[in-house]
């Protein structure tokens, strides 16, 4: 029975494993080689083994740490904002959605638009001379902030990301909210709980697991942000909006430091792997 | 139809032993009920028989065929789950047909069997519905229908009635009993409800902490339990127990002062000064008998034909229950002298083993 | 549904006809979307129609996306792509792409058609890597209506002078843009900015495209160069931390700080800067010559001249585009034949007539004076003011621009001071150009 | 008790307007003539025109939007279906047998955090040997890799939602593994499969970088093709045409999302919550 199960398990895992090996196996091996070699585009075929030099380069590169800091801040802030907004919208609009389910379809439009295009759209929308937003601000207040200027660019990209992905958090919370048994709410109302108390004492605790999941997913996606920031402002004035992904992309393609880019990617992957493993270990401990 | 033999069956999860060295024989056509409190391992034992769990050691024989290593789908058994486990995406008809089609039976045979099962279980009008459109009792019948069309060697039931309301439960209990009588298939039935066990079984297996405590017919277990656990578990209302010391052929209650009664005639002589636990069924406490206990009535429950009297000895907190035939004039606060035949007393030693 | 179906069918039929008529075997990856594309299409048609071009040597054109074009080309070449035989090269990328390209011999006419300066934009390590097709340099674009009004108004002149005194430390007179120094450019930009001069007819005096992008550095380079700036001296020492660069960077910084260029312009590239000028809220700007059509169309009163002068004179950064031979090409003979034809006078003239901007020698350009007067201007500026930074065609030139873009835009955006920017740029360049 | 919705309608309208502001602006711009774009940045169109859409929808020997749309449809289709096919058996094995829970599962999920573009060169080399460059299949394969993490996560959650007893019942009914997987588990995962497909399709459709790197002419997807329109006639960006092409490019996934929004809202997210 055990050996039959082993055979079955192998069979079940094989499509995915084969697919990964086929498509990413060779690239991974090559990337690992490059990660430990002195390589440029000119010497792709003759990588020179250089041990951990690339990793030392990456860890000694202030831009890497700046990018890590940016991604961390960006991921945390956008995740929190999206979850807060999404939660508020979900709880407040739940009665409306129940009465008119199609409203959900309208609310989720932003997340269906390609992030790369969203970045381009913002380039138009925020342009001081061609964009509607500054146009109206000038018309009404005679003044418009420089959305993409050094003082505000971080806030702007955070806002753009938040507005595009709040619908995702909204969806998660809406589902969680709707799955709370109505008896619970009724019981609490009979016990005299007013809406705010009802939320904090009943709904919030029940939605807490969803909050963690939403924060986690949005953090990961915020941390690896590329498309929209890249098309909107590139790496930003003086590299001020260089995220981890943009750092790796530029190191790889623009500066041609392949080994260093691979080393940074390997570090990123290992960190993410450890974080996920840690997360799983923690949740497993929490509910034995 | 087949017999079932378990030999030294043990199941461990990690370092936890759930089923310990169980040996058991169930003869062809029997209705065997596994009963015990939750966590006693009865469900695990059923799943071992079903093939849903793999035995750590020991042997399982169905119709004299060793199936210990045979996967569930090849054991030719049928199981009714506590949650019914109907296939939600299939109609009732397809649910019932699933096992037959899996076995690649001809469609006309499948149709005939579905029709027959539907007739037996009164499902004719429901065949094209999905499980979500059925009531609890209807789902239960579909689950049974799914089991009977297979004509399995054994029927396995895993607490099949626990999700039904009280009235339906009594009704389905009768249905299952009738079905067993009509089909004659060997049934293994798991429940934590000793009433179900008593009413349905031809053979009861009482389990505790993964081990078999006693096997026997319902009345054997009621009349002649092997130990304090079986004595307490089987029988409703539950048997009364009190601690006592044996002195000079009398049993002196240790927890309530100044009461004693004559010890029953036991073949194994009780030692002088031995500490024992004494058991007495509520059914045997009444207004007649050579021995008696003096009690104060706390609560009286009139069941109509009988009366349940909850009372305690003066100076003690221990409640005793008596089931008396005519208790219409009993009331709380009254003194109540419970009389009984001392031979009805069961005596258990310090380990809980019955002394006979 | 039906319409679309018909359309698809029609398209498929067209494609079949097209494929049937031209059995193209030489594939060319060109610069997409600009006048360069239109011109290349025109000359290719002429070439393919020639009787002595064999069927298997006809040319097929390939245009991919402008976004990420160079990144894709980098990957294509490095991985040994055979998707094209000829591909776009630019002065500053020859060094990077040279390992995957093969040097070519041009037609005998090439020397006289283009002249040595222009041919040099396609050379690396002394070898010719391609045919120069287009020459890009920078114009000073300005609003003639605004400048004329300024020059005709004494009160405005006084205000201008006062603003110059206040911010540049000396009273200055407005001048005609052809006579501007960079100081005049700055003074003019301040005068026409509402943040400095509330009466200004435009919101901003200029717009500097300062997105952290290598092309924007090219636009900027004429400025430090006219103060004598260079990347490195003949001995190979990095000289970016010089008075010249400090002056130009600080002057530009002044414009950012005083609001003479839109505050968002640290994230502007070509499109945004043009949109700003087109809106009529900008008085003058330095921009690629390719923008002439677009800017003139949006603001009719637009004049063009060479970028302002510095102590060392006037300079404009030149940047050649051309086509070179992919080392992995599958039809090298056919490809070389096309390149050689491209370098003939016939091809160059046709290319120019179709809207391209080849850098032509004076004699050749003269033949086009009627059709393309702007080419005379381009040719004139190229030969008189054109420059290439020392090291600007080296293998790592593109990365040098990248590094400078990051450091300089950082300085303008205020994320770091001038010393840090120059120190970091010097360090990065020393690493890249050693 | 009838909930008062008026205020909620207002909040809804404001939220929709703010979150979709770029989309609305782009839609408006798409109907403005080139002259009007630079003259009038407001949301009001003075003289609406279909000129930009005509430009976008007219095919030329270089720009053929129908090709891009078709390429994207095929590649995104492959990129959405393939991950489901390869991830489904493993998802079951992960949930029911704990196979690959320690290494394989986190490994795949973490691909999501990795900028896959670092594999561009090796994949390019591999594809050029395999003849997959500039093919819809080749692009679809990479898009499948991009979608794999989410597909595996969603399917694992979906399988975990299925009551174990239903599978045991099927076992008792004699179903071996293939029949169990395809007749019981797969149909029960249908909502999740549909959401996984929709999300995968949208993600694949919206992908840009691999589309750029791995295609040249024949298999160019819509996002990359859209960028071809940004500079079509020599000048700078034509905002009107750019806006129109963005609108056209966004329509198919948008239509899919709007039509299937119930699937997206219901099942997927219920699965994701279980995490």
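Annotations for the structure displayed:
By letter and in written order, the chains are A, B, C and D; residue numbering begins at 1 in each of them.
As a convention for this text, contacts are C-beta pairs under 8 Å (C-beta built on N, C-alpha and C of every residue); 3 or more make two chains touch, one makes a residue touch a chain.
This one's a predicted model, so the numbers in the text were calculated from it and none came from an experiment.
Each chain's centre was taken as the mean of its CA atoms, and the one lying most distant from subunit D is B. Here A-D and A-C are compared, and the pair linked by more C-beta contacts is A-D. Rounded to whole angstrom, the centroid-to-centroid distance between subunit A and subunit B, based on C-alpha atoms, equals 56 Å.
One finds 16 Å separating the Cα centroids of subunit A and subunit D.
Mean C-alpha positions place subunit C and subunit D at a centre distance of 37 Å. Counting partners per residue, subunit B has 71 as the residues that reach two or more other chains. Residue positions 38, 120-121, 209, 239 of subunit D are each in touch with at least two other chains. Annotation for subunit A: residues 44, 127, 129-130, 253 touch two or more other chains. Residue ranges of subunit A in contact with subunit D, taken from their complex: 5, 8-9, 11-13, 15-20, 23-24, 26-28, 30-31, 44, 89, 92-93, 95-96, 99, 101-110, 112-118, 120-122, 124-125, 127, 129-136, 139, 160, 163-164, 166-167, 171-172, 174-176, 179, 209-210, 212-213, 216-217, 220, 223-224, 226-227, 244-245, 248-249, 252-253, 258, 261-262, 265, 268-269, 272-273, 276-277, 280, 283.
Subunit A makes touch with subunit C in their complex at residues 41-42, 44, 123, 126-130, 146-151, 153, 231-240, 250, 253-256. Remark: subunit C residues 4, 7-8, 11, 14, 18, 29, 32-35, 37-38, 61-68, 71-72, 75-76, 78-84, 270-271, 274-275, 278-279, 290-291, 293-294, 297-298, 355 touch subunit D in the complex. Within the complex formed with subunit C, the residues of subunit D that make contact are 38-39, 59, 61-62, 64, 66-67, 120-121, 124-125, 128, 133-134, 209, 212-213, 216-217, 220, 224, 227-228, 230-237, 239. Those residues of subunit B that touch subunit D in the shared complex are 50-52, 71-74, 76-79, 81-83, 85-89, 98-99, 102-103, 146, 150, 156.
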